[in-house]
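The data blocks that follow each hold one structure.
Two complexes, one shared chain (chain A), two partners (chain B, chain C).
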Partner chain A sequence: MSSSDSNSSSVDDPNPNPKPLDNQLETLNLEQGSGSIIIQNEDDEEGRQQDQGSSLNGSLNVNSDNHEQDDRIGLVRNVVWRRTNSEMEVDVNGPSSPSSSGYAGERGSSGVSEDDEIQEVAKDSALHGVFDSQAAWLPGKRHVDEDDASISWRKRKKHFFILSHSGKPIYSRYGDEHKLAGFSATLQAIISFVENGGDRVKLVRAGKHQVVFLVKGPIYLVCISCTEEPYESLRGQLELIYGQMILILTKSVNRCFEKNPKFDMTPLLGGTDVVFSSLIHSFSWNPATFLHAYTCLPLAYGTRQAAGAILHDVADSGVLFAILMCKHKVVSLVGAQKASLHPDDMLLLSNFIMSSESFRTSESFSPICLPRYNPMAFLYAYVHYLDVDTYLMLLTTSSDAFYHLKDCRIRIEMVLLKSNVLSEVQRSMLDGEMHVEDLPGDPLSRFGSASHLGEHQEPTDSPGRFREPFAGIGGPAGLWHFIYRSIYLEQYVSSEFSAPINSPQQQKRLYRAYQKIYASMHDNGNGPHKTQFRRDENYVLLCWVTPDFELYAAFDPLADKGLAIKTCNRVCQWVKDVENEIFLLGASPFSW
Partner chain B sequence: MGMATANSGGSEGMELCIFDLRRGQQEGQELDKILFFFPADLPFSTQLSVIGLSEGLITFTRIFSPEAACELIEAERHSHVFYEAEPDIWMVMVVEKSKEAEAIWRIDALREVLKEIHSLFMMFYGPVREMLEKDPSGGLTRAHLYPFVMDYLSDFLVGKKTQLPSFRDCLKEFGTVQMLTVGREAAIEVQSLVRVLESGAGATHCYSLILFQDLLVSTTLSPDDTINLFAYAIQRLSPRALSSGASSWSYLRRGSTPSHVVVGPTFATVSVSDQFHHLPANSPSQDNSYHVKRPLQHNRWSKGKDGFLVTDIWGTETGSLIPSTPTIWLQQTGERMYLCAYQYKSLTLILLVPLSSILNGEQGVSLVKQQVLENASLKILKVEEKLSKGWGGENAYHVSGYRYLLIDDDRNVSRASPPAKVTTLAKESLLAMSKLREEVDLEKSRSKWDNADRDKDLEICIRVKNNAWVIARTTRGKELYMVLERANETLLYASDAFEKFSDRYCGGAFSLD
Partner chain C sequence: MGCSSSLPDRSTGRLGGLNVSESGGVVDAKNLRVKLVLLGDSGVGKSCIVLRFVRGQFDPTSKVTIGASFLSQTIALQDSTTVKFEIWDTAGQERYAALAPLYYRGAAVAVIVYDITSPETFTKAQYWVKELQKHGSPDIVMALVANKADLHEKREVPTQDGIDYAEKNGMFFIETSAKTADNINQLFEEIGKRLPRPSST
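On to the complex of A and B.
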């Protein structure tokens, strides 16, 4: 516990009182006192109003009550989610009923019709390009009416549970935690039974199901899944869920259990369902969750430099980390001397910010903990959205730096606007990542091929584009997709999904295939292996691990081996050619 | 001494139990569940806790996976391997993991051990459930299981340690049959020998199994029964099993632990079985009220003057000194059969005659034997000669540059590089292959649950840290695993080497076009 600030002092309280503890999780809402300095354009404001109107489920009423306490809770609990990919773990037979969504369950049903919600989804996804077009993933917790006696609950493909070492439920992806107390106690019994025998249970396998256990002091995490993901991946996901919890509470929550083993943690996490469900959703689309690397928004070198320079200026004035992101992609980031930011922390932080709508609607100053940086202490994050998807995070150790950080943000925002960085960011979002169709044909004549990266050109006069002729078959030699991870930079670049990996189902399947080959290559104790070629009925996957980079490429299952290898070499060359634009180079926060 | 040995057995890292979930459901009667436990001298509380955990997880996993309950528990220090041998009759093996002691396991290989124990038990005694129904106290079953499983496990003893199949055995497949490749001419000879053999016992339906050395030449049994009888034959009946007294398993392991074989027959095996077969005081087999035959006991078979193999395991016929002919139970037909084994040089012939067809017991059996000798002797000589001529010796199936395992799942047949050759591989390569097999095992079991009739078509080539290539290929019910250590570094070269092997030795089954 790093400070005496009222927002973070109560975990040590010998008699934990739910209300002040709740403060831990809440973003300090400064909307009321700070309206005058919010810089935003009309459209933006409208967009936000609409967001609130359509999805906040009555939180406007709460806000107007002007009770600060309620207000904060309201902000955390009533959130609108960024829609990205679709969720296929649940049957998507139309939108779920109002009563089955987490926030509606807490707040009562909203006056907003389902149509509005869907419109919102559609509108939102228009910005996200093709592969978001079938977005059907809905925020928050679903199926709260279920419990372990429900057949439907038992048939869910992937469950996640957090429980305390006394068997008290803390979080469950599906169903109502309170109704799952008995089930939770069973999980606890299994873990402690094995522990009493001097061992520690890691995995139970039954048919297609795997039960994965992770013990973190007094916190137990369990995943029950029939998704065919490797044990290592599921375990990594539990680690991230634990990390997300630490990000919200810090590890000092352990002390509550030392004082009272039967401590009930659910109030501490009240309203954060959305944060966890968003993270769990990212386990099926975001490669950062298993690559332990982050990805950058493609930008011209000069543009990123400009953004970096202004972040650098503020970093010298007591800011620990200054991060500018667009959705889950980094635009630029700067850290104070010797401070290094782990990619997993970035993933958890950006998930936390993006999943909570309150960050979108106002500038915020929130206590957060970076589990890889220091799991015991809170940092303070000043968060402000510069446009719909682009947000600035300024992290500091000082709990009273809000006004200073606000000044910093104003300076940064002005520079970014002046130097057109924000418009470049938006343009890059539209252009997307590298397209396999653009892979330069001949390694010797590569000029102009990557023109869509950074410097925008109309697709039609872009010489490297062969989308029309290649339509439906991906890139050369049957190349469908690739991920390139720079080990030294801890960054990856993932090509845009292209035909025939169009539907969210296909994308998720490919994602899982990558996950599997990643686990296979990074076999504990034995790995990493150097090369892997894997052919099944869906793909040819080629993986190449060197001390500098890892390449994962997916081809048509009928692809020719020799051509596929040549194509991989070309992809690596291509990435090297445009690394100025797709990676953040020379970022200081990483220790080397 | 027995106690001490069993104790060390526990600490050396293996427990094996068999229990019946239909028994001991009332509180205070939990012990009734236990049908077998190794090591037997573990306190009952410990035994019950192993079974309690197993039972708990079987129940728990059925919540989500009613069609397939718990198969495995992986803990930090142990793996618990489950096998439901018969409805509600479970076998669980708990093995300790240790990198230093090379205790790195492939789960499916361990499960195959459990399967084999059960299938062999069934072959001699019939289903466990039936035995439990015959004697609901469970005493009869326990009295049979204890010596049987202990005799079986003694094959895995090296020194004082139970050496179960580990990553070093990744190019080996338990529960399959190894075949001798015979030329066309020899095959015709074998065919005619089989006809003569099986007609020897008159009109009744007989079955036969012919082995050359430790390889199968011909069978007329169902696949499951063939696997079981083949396993028993190479463990206890083949010329090598008879002469060395060493277990077939240690024979198979020979490459990796040559010292064992050197000491094997004269000294080590004796002392080992001495220790192992000294049953602890509380063992159920002390109960002499059951007459238990121990078909897996070592050194109990020998070759008689007439060439037929004899054993006193099945006792003697009442009122005479003539040993009783062993009988086995066929899984497929549910029939009980007399087992008559004849050996000539490297050739072992097993003839199975239905009990029901022979009315006058041993007399009738010896009549059958006599007929076999009369009708088939010449043919046996001829076949032996033909097969010996064509036999390429121990390393007959070695292909230089390759270390491989080929499995035909439809026929339950496997062929592999000779064990002595496999031991030349680096530990790293073997570990990687073992891991790769585990991956393929998982894929196979998944596709089994997804869609029973579609075989997984899969090709995986991995270049390991030590630059070896480990390759797995599954297609249409066939699997081929390969380690190439001194191959060129390119994937294309490795694939090419693989294709060449497939074309030449697998009839192109694994070739892409």
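On to the complex of A and C.
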């Protein structure tokens, strides 16, 4: 298994061509001082960001990375890690016997056998040639047989680790946590070495690799990546991973560490590998992970109103949040008075539900915590799938509300069936999001009318909307793709991928490019009305940030600048024209 | 005994928790409706037993239960009574242990499952039995289920140990295999027979 994997490009490879070996994570030679190591004071941040911001803003031909890196080397050169090396030995013992956790009044012995939950899966190559990256991805933890001595493990492009402040492994994206005890201890040693100096390690650069650290009380999170994603993005991903953990356990897990610093947390997360691996996978296909916004399923205004009305009914009867979703898209959402749901919480919640197969088998009632709502307390989630993709979540603070919520669900389901909402939802899933080919307003182009959303033209068409074979040209002026984020609504809309960006690899590369430009736009709180136009060999990226919205658009690399700007204006107009259908608007006056 | 034996909290409401809904439920001598909870370590096959019983399916790819799943199934007994089981299939993970009372409170039946190939799960089963003796409904019918009986070549918990433990604790004992469907229906039929009947008209 691992031999074939090491040859083919891994899931995280933005580049379809396998890179030469030496480019990849051969060994993270931290202790040899071969890489440049940057320890940033919190107060350093200002200067550094400016530095990065300026290098990004000016350049047409991207990749300012190299000299950005050179600049940084100037900050701190070759920190000597040998001392750390000796300290490492302090806590390298393997995972010891499960100690009493005291977690939320936990009783009984542990001894959870996780083996059967880990699924043998997915040669990475299974992704190749499959168009829908979500559909192609198989859940489950990969490469459990690896550890830090395996070559294949060292070559992975992006690692994520969760460990405790005593250096005990809690989660690793690849490999068996228990076998990585020594490696975890090393990471812990690095963090505490710097902390002992009254400082904080945020980022270490070692050649092509970035090592990003995030400390959350007794929990340490680390990402080791050679994907060239910006520090801010990787840090944001660590924040989400931490949030996912809080969603499962609440922050009260910290108390276990107060009682026993050497507490082994892995049993508490038993069976949740798939939740984390699916979240990590979404970093490469779901823009919600860096936009901090959610997306809605396009629906006729009336249809969404009908769904909202019935959800609102039940929200009056003691339900804190009633959320109807189809995959990762919101159909409708209602909160009780004053209760508002953070887009990150929605992302983590829907990831949790969708990645846990058991919710599909039957109705469930499960404790969950919304980290942005209240990280200390559990809510109770009634979850029921109404069809294969559409699920209803009713959240409450009351632990004995199951039968009430079940009744609510039956009522909701009846209304949704009667008012055809569910069939509309399924149709919308087939139709997809906005298509760049349909961008209206170009007087010379085909007569495509303004709103294809909700209203269905061309009923003779087969489902799936196969367009005329203009393959390769995308929309007008070489427009390939766009994302529009409404700041006030905390929602975004992302167009369907058009012909030139078909493979999951290409899509991931585009998201990475968006992510990078997003990070650069949000880096150094510049004033409103900021635009950025960047051209490289892959695309032209145009970004426009105003106080109301942000637009990210990708064009053919040969696109004309003036035309591209005009096209962006048309996209914004188009979004305004159909905002009733692509955004959830009615929520506020109803529920807040 | 009366009605409340099969629905212990209906009239008194003394325990709260996830009790059978007040709204419905024809409960008479011929049509019983009971709350049943499955407990046991993770990976012993609780969900597989339920899905075999409710849907006649067996899925070898294990799906970790989150929180608890709710399913129901009605069976007809030989004496022409019907029993509707409202089943709480709880997650075996340690993090949910503290929440178990939420699911077993007011249950008329507890099915405690272990895996014959894993002594630790047998230990865990005993923990659940004690927990229920302390905090469960006093009239609760308890079954000790030794699952994965098809894996007899890997057996590590002798049948006799299960029988002895069950006998000492006034439970009934049965070995099942959700995979082969062995004894699954028998388990629920046996439970049905042992349910206290409401004093009939």
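A few notes on this one:
Keep in mind that, in the parts below, the second predicted complex is superposed on the first by the 425 of 592 C-alpha atoms of A that agree within 3 Å, B and C clash if a C-alpha of one lies under 4 Å from a C-alpha of the other, contacts with A are read in each partner's own complex, and residues count from 1 in each chain.
Here is the rule we use: a residue touches a chain if its C-beta (ideal position, glycine included) is under 8 Å from a C-beta of that chain, and two chains touch if they have at least 3 such contacts.
Since we're looking at a predicted model, the values are computed, not measured.
Of the two partner chains placed around the shared chain by superposition, neither chain B nor chain C is touched by A:N286. Contact with chain B, but none with chain C, is seen for A:A206 once the two complexes are overlaid on the shared chain.
Contacts of A:D536 after superposition on the shared chain: chain B is touched, whereas chain C is not. Of the two partner chains, chain B is the only one that A:D523 touches; chain C does not reach it. Contacts of A:S495 after superposition on the shared chain: neither chain B nor chain C is touched. When both complexes are overlaid on chain A, the residue A:T186 reaches chain B alone and has no touch with chain C.
By the touch criterion stated above, A:E363 is placed in contact with chain C alone, chain B being left untouched. Taken in their complex, chain A has these residues touching chain C: 101, 103-117, 119, 248-249, 267-272, 274, 352, 356-359, 361-367, 381, 399-400, 402-403, 406-407.
Those residues of chain B lying in contact with chain A across their complex are 49, 52-53, 56-57, 60-65, 67-78, 99, 428, 431-432, 435, 439, 445-446, 449-450, 456-465, 467, 490-492, 495. Touching chain B in their complex are the following residues of chain A: 148, 154, 186, 189-190, 193-194, 197-209, 211, 224, 226, 228, 231, 520-521, 523, 525-537, 561-562, 565. Those residues of chain C whose C-beta lies close enough to touch chain A in the complex are 16-23, 41-43, 47, 51, 61-71, 89, 91-99, 102, 118, 120, 123-124, 127-128, 131.
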